[in-house]
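Chain IDs A, B and C follow the sequence of writing; residue 1 opens each chain.
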Amino acid sequence: MTKLSRRMFLKLAGTGAAATALYALKHKYGILHALVHTTQGPVLPEETLVPGVCRMCPGGCGLVARVVDGRVVKLDGNPLHPSNQGKLCPKGQAGLQALYDPDRLHAPMRRTGERGSRQWQTVTWDEALSEVVARLRDMRAAGHPENLIFLHDGQGGPTADLIARFCQVFGTPNNVAAPHYYRADGSPLAHLLTQGWAEHAAYDWENTNYVIFFGGAFLEAWQPLPHSLRAYSRLRRGRPRVRAKIVQVESRASITATKADEWLAVNPGTEGALALSIAHVIVRDELYDAEFVSEHAFGFEDWTDADGQTHTGFGTLVLREYAPDNVAHEIGIPAETIERIAREFAVARPAIAAGDVSGCKDSLYAQWAIHCLNALVGSIDAPGGVLRQRQPPLADWPAVEPDEVASNGLAQTRLDGAGTARFPLAPDVAPALAQGIVAAEQAPGALFLYHANPLYDYPTAGWDEALARIPLIVSFSPYLDETSAHADLLLPDCTFLEKWFYEPLAPSIGVPAVALGRPVIESLYDTRNTGDVLIALAKAVGGSVDDAFPWASFQTAIQNRIEGLFHAGQGLPMRDTFDEFWAEFKARGVWYEPEYEVGQWNQVLITPSGKFEFYSQTLRQALGQDDDEKLLPHYQTPHFVGDESAYPLHLVPFPLVTTGQRWSANLPWLQETYGLHMQATWENWVELNPDTAHELGIQDGDLVWVESPVGRIQLRARLWPGINPHVVGIPEGQGHTAGGRYAEGYGANPNALLVLEFDELSGECTHRATRIRVHKA
Amino acid sequence: MPRWGMVIDLDKCTACQACTLACQAENNVPFSGPEQAAMGRSIHWHEVIADVKDEHGELHARFIPRPCMHCEDPPCVTVCPVGATYVDDEGLVRMDYDVCIGCRYCTTACPYGIRYFNFYAPEFPEPYDQHLTPGVPVRPVGVVEKCSFCIHRLERAKREAAAKGRELTDSELVLLPACNQACPASARYFGDLDDPESTVSRLARNPRAFKLLEDLGTEPKVIYLGEEKN
Amino acid sequence: MDSAALDKHAPIYKPLWHTGRRFWVWVGILVLICAAGVGAYVYQLVTGLGVTGLNRPVLWSFYIINCVFFIAISYGGTMTSAILRITGARWRLPITRAAEVVTACALAIGAINIVLDMGRPDRVLNMVLRGRFESPILWDFYAIMLYMVCSLAYLYIPMIPDIANLRDSFSRRKRLYTFLALGWNGSKKQMHRLEKAIDLLAVFIIPIAVLVHSVLAWLFSMTTQPMWHSELMGPYFVMGAIYSGVAALIVGLAVLRKVMHLEDYFQPTQFNNLGKLLFTLTLVWLYFTGAEYLTTWYGQEPAHMAVFYAKTSGEFAPFFWAQVILCFVIPFPILVSRRLRTIWGTVIASTSVVIGMWLERYLIIVPTLTRPRLPYGIGAYTPTWVEWAIMAASAAAVILLYTLFIKFFPIVSVWELEEIEQ
């Protein structure tokens, strides 16, 4: 079995002079200080370096804060964190403005005017909490704890764990993740179907030779972004005489596409067809990794099941249906290009196919097809291939014992329909929650919002009605956003620089890592760590709920979990006693394992067959049906909403590097660097192909209306050469109506144009399937 | 005497703008707001230039991070009537904010457009004034400002090294300015161009090396390494 | 000379003793406009240059344009008094002083406009204390000061005999005139010294004038900016200055002639000859402009062509072609024809030229700034009320200073006219 060593580990050893200085300083100040001092410039005596975790996006990079006189003056990456290795993306650099945000909430607030009128009065924590506790107790007493809906940001970590724990012991199945859906990588369910784990993957970018990205904006929206950015750098110039080739497949040119060697401007929604056609060429010309396919894959060849029925294999399917000549026209690129790219991809091994093609109906099949390309070229859990992000060996949370009331509640159907026949695979379908709330027999009792903003992130249809049905809405966000503006109580969380938490590494490099977040300075205002608030609520609700939250504080809770890292004894730092370990962990800010072992199939392939499933038995079980066509990746002409003659263009909303799932929009530095390739600041725009614009009589800079069947917004038109002529792009992140003086009233929100439709398999709202029309204002 | 220069590898650069943001934070550069930004008055000591062209329907885009070039023959220094900008003996083009009369001749003379003028007194509305970096002056109204190659960090580093009785090593210099330190792609290098073994000197000899507007004879000390295409 | 002269040249001396309602209304309007300008400047001083339309990349505009414009206006005087004096053109005698006053007033206001443009006028002394002679602005600073001193001298010294006459014959302001007369007694020795001084100044003021506007031109052409970096700039600016100066002078003289009833002094001959001079300059302007644009266009250098097209077919095209019409198409046919070179004709041509030449300065300065070499995008510029107010106040100030001069001193060099008659 091959070992894939982490370069980071080698780098720390360093060369002569640096190592000596490092050694001397390390003993005086600790290794973090020493590293920063010798590689990034000296640390002043009046400065303190405090490690922490950046939460400007879900990536969770390790950071180092420079603190002078109790003020944070600069944020940089933690050089010891194996994922971001001393770097932060521009959102992280702007974290100073998230901490010192003039529109942050200073204390708990209760609504005084109508809902949504944004009239508040400050209350004490005791007052606010007792009101919430009273409502929670009522729900339990009435025997309907399922009436609590906890909507959160879906970002993992200890607070999410405690939210899940609270919901479980309280007795509600309505623990709903409501992430931003402009995620970069739509692949978790594709991994579930093929490899048995519903997670994003890790990738060994630094050793791969060829990458095909299908959408995804690798250099703008992947998380954690500093890792992707370093990966790009290594792909290009990390190895002598080897410069990896990058192909970008998407209808509009992201900055990633401009940096790629080739950009294929495919017709919207046809990415799956392209992946399958590439597979066709690889299979036809026998360029695939035969060893992997025969030993570790299932469903490639035709096969017969226990009942004697034959099933089509993936190989047969792609050979039969997806010859480049058959699909080139629909995709919109020449067949020769498909042939060439496919050959280059297979021959250049190791190679990776990745990206995010979510946003259309049946996009899961497209994502699945893309991942199958990795299997074809032997990139599953191999150097230069797709890895499984290992989880850190944190100590288990103590077991939860829901009482009878809770058990009854948990048995109820989720309001968002996740896991039902409608959405058999999806763990959460937050955009459908509004419908569920409106349709529910019983009105929900309370809605808790933890960094979730469905009124901005999702099509708004139905949310007003839904919220009106809920008697108590509580928000934990430190900022007022579109959804929390409708709350009754605001219980502001601290920012990531003011509270204790930890962050397990998001899927990126494969090895597990945990970064420690802490109060870098004292809380600026009367805010409280939501983790501590949950513990207090649980204690006050009492009974089995209280029992499940035995810790004195959130800090104690996470410290208990961290003990697991110490006991596992296989990462860095390593110490003899837990106290020493904890001290060193705090000083460094991060724990990680330095090596990833490839080829551990029992951890990487946990499907029913124990192999990579081209034909997904997991899906078969979930759908409860046997139609081969549905159980293999395939392509159908995508379904778009809106009559083609009335709405001739396709809308593609997209993230920018200044926005990707960011925590707050009230960041003037990011407003002034908002749209680099258009040199646009403080506003977004609609990108048009120059020929399309010319036909519509629109010039660069004209104000236009963009209309869909459900709404319209006004934006400035900008010409973007080469963008597929049937497509327009609108960057997201503007058009806020809440969030602060630097967020509100700039540009327009493309989500207002989206029709509420779902890809039932993935539970995703189809954000790339809306047709629109554009005309001069 | 060292001759400070910078190398930026465009084949590694991802156009993420972390460099621009780090500079804003490190050097107390104010934001200007939407009206002033619309007039182009935003101050960005460091900026990423988007060179986007439509060539017969094909998109050609290049993103070029642009600090001050710290030219060896700077047109800005020649035209300054009061010597508010000058070249020091280590090749840095410096600004003296107490002397500048705000005539903006340097700004019109610089062909790279790296200089910025304070049309108003810069504001750091509370509580943004909390994160001001000590050691970097906040500039007054009516003066020109620009990238200093993070001279405050350089001087700090030199003092530390001198206190230990040694010179600065190349590895301490490479990531010294805030922009270099922040670059997630490690695409930027700083150092002594007069030391033939320094990272910047070695990279400057790379066949991919080029300078912006080289034919104008300003002799910029920021060297770019061009992108390749597979 | 005696008080008989005062009676003989009554129209010239009338303003010195008679202040009618018209005067007060006229001065009142000018003072109001100046006050508006002062108010605008104070606002700018207190708030910052952000109150103007200046931006990045257009960091120089109205103030610099007006500085060049008003300094150029001052060349009418230098041309008439100095150059024409040296060539011995007799017809210039009635108009020399009127011309020199234009020089003094316009020059002062032109110089002030530079200070208005400074971001830190409180530090203007740095120009003296820390001035660097490598910088064209320093050359400007000293050249303009030298030109101002010489122009004032060149205005004042030939006035001495007339001031002495006022000291002797006029009933008011005795102390002022005595002081300024410097003990003039009309002796041959003094006259000889006076003539020598004037001759010397006339000779020296010409190269100084050429230097001043060349240096103003070099402010731009010493940079490498496209369509600024041209060897032609120096001569172009100097000829352009004489062009707009003479044109402004014609207009000024026509107004004075009407308002003060100076028909006997400012005769069609003066206008005809100035008109002939203006005609020559029309052609010279066309030649320089043509040479500049032809060579730029022929070279087809991308950075230069971006500016070229901005001017000829881009957003500046209306101004560019208006400039061509105003500086050539209108004046040429008027000035080429003897029949049309009347007072009215030359005034129309001159007004056209003055406006056209203001546009020329705008077109030299702003379009280049809107097209930086690096791809920052195209800049734009719209002046705000502050710049308009200050520009209006600048013009009003010139006229106000001129008006005040007429109130205190004879606008025609009476003693020189008397001398010729004798």
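For the reader, a short list of remarks on this structure follows.
To be clear about the criterion, a residue touches a chain if its C-beta (ideal position, glycine included) is under 8 Å from a C-beta of that chain, and two chains touch if they have at least 3 such contacts.
Predicted model only: the values in this text are computed from it and were never measured.
Looking at which two chains touch through the most C-beta pairs, you get A-B. When chain centres are taken as C-alpha averages, the shortest distance to the whole-protein C-alpha average belongs to B.
Spacing of chain A relative to chain B, judged by their CA centroids, is 34 angstrom.
Chain centres here are Cα averages; for chain A and chain C they lie 68 Å apart.
Chain B and chain C have CA centres that are 42 Å apart. Counting partner chains per residue, chain C has residues 376 touching two or more of them.
Counting partners per residue, chain B has 50, 52 as the residues that reach two or more other chains.
In chain A, the positions touching at least two other chains are 679.
Within the complex formed with chain C, the residues of chain B that make contact are 36, 39-41, 49-52, 66, 75, 78-84, 99-105, 107-109, 111-113, 116-121, 141-144, 212-213, 216.
By the touch rule above, chain A contacts chain B in their complex via residues 15, 17-18, 38-42, 44, 46, 68, 71-77, 84, 86-90, 92-94, 96-97, 99-102, 219-220, 225-226, 229-230, 232-233, 236-237, 243-246, 253, 255, 258-259, 261, 263, 524, 657-658, 668-673, 676-679, 681-683, 690-691, 719-723, 746. Of all residues in chain C, only 47-50, 54-57, 59-60, 117-121, 123-124, 126-127, 130-132, 134-138, 141, 219, 222-225, 369, 372-376, 379 touch chain B in the complex they form. If you check the complex, the residues on chain B that touch chain A are 9, 11-12, 14-18, 20-22, 24-26, 31-34, 37-38, 42, 44, 48, 50, 52-55, 57-59, 61-63, 125-128, 130-135, 153, 156-157, 160, 169, 171-172, 175-176, 178, 181-187, 228-230.
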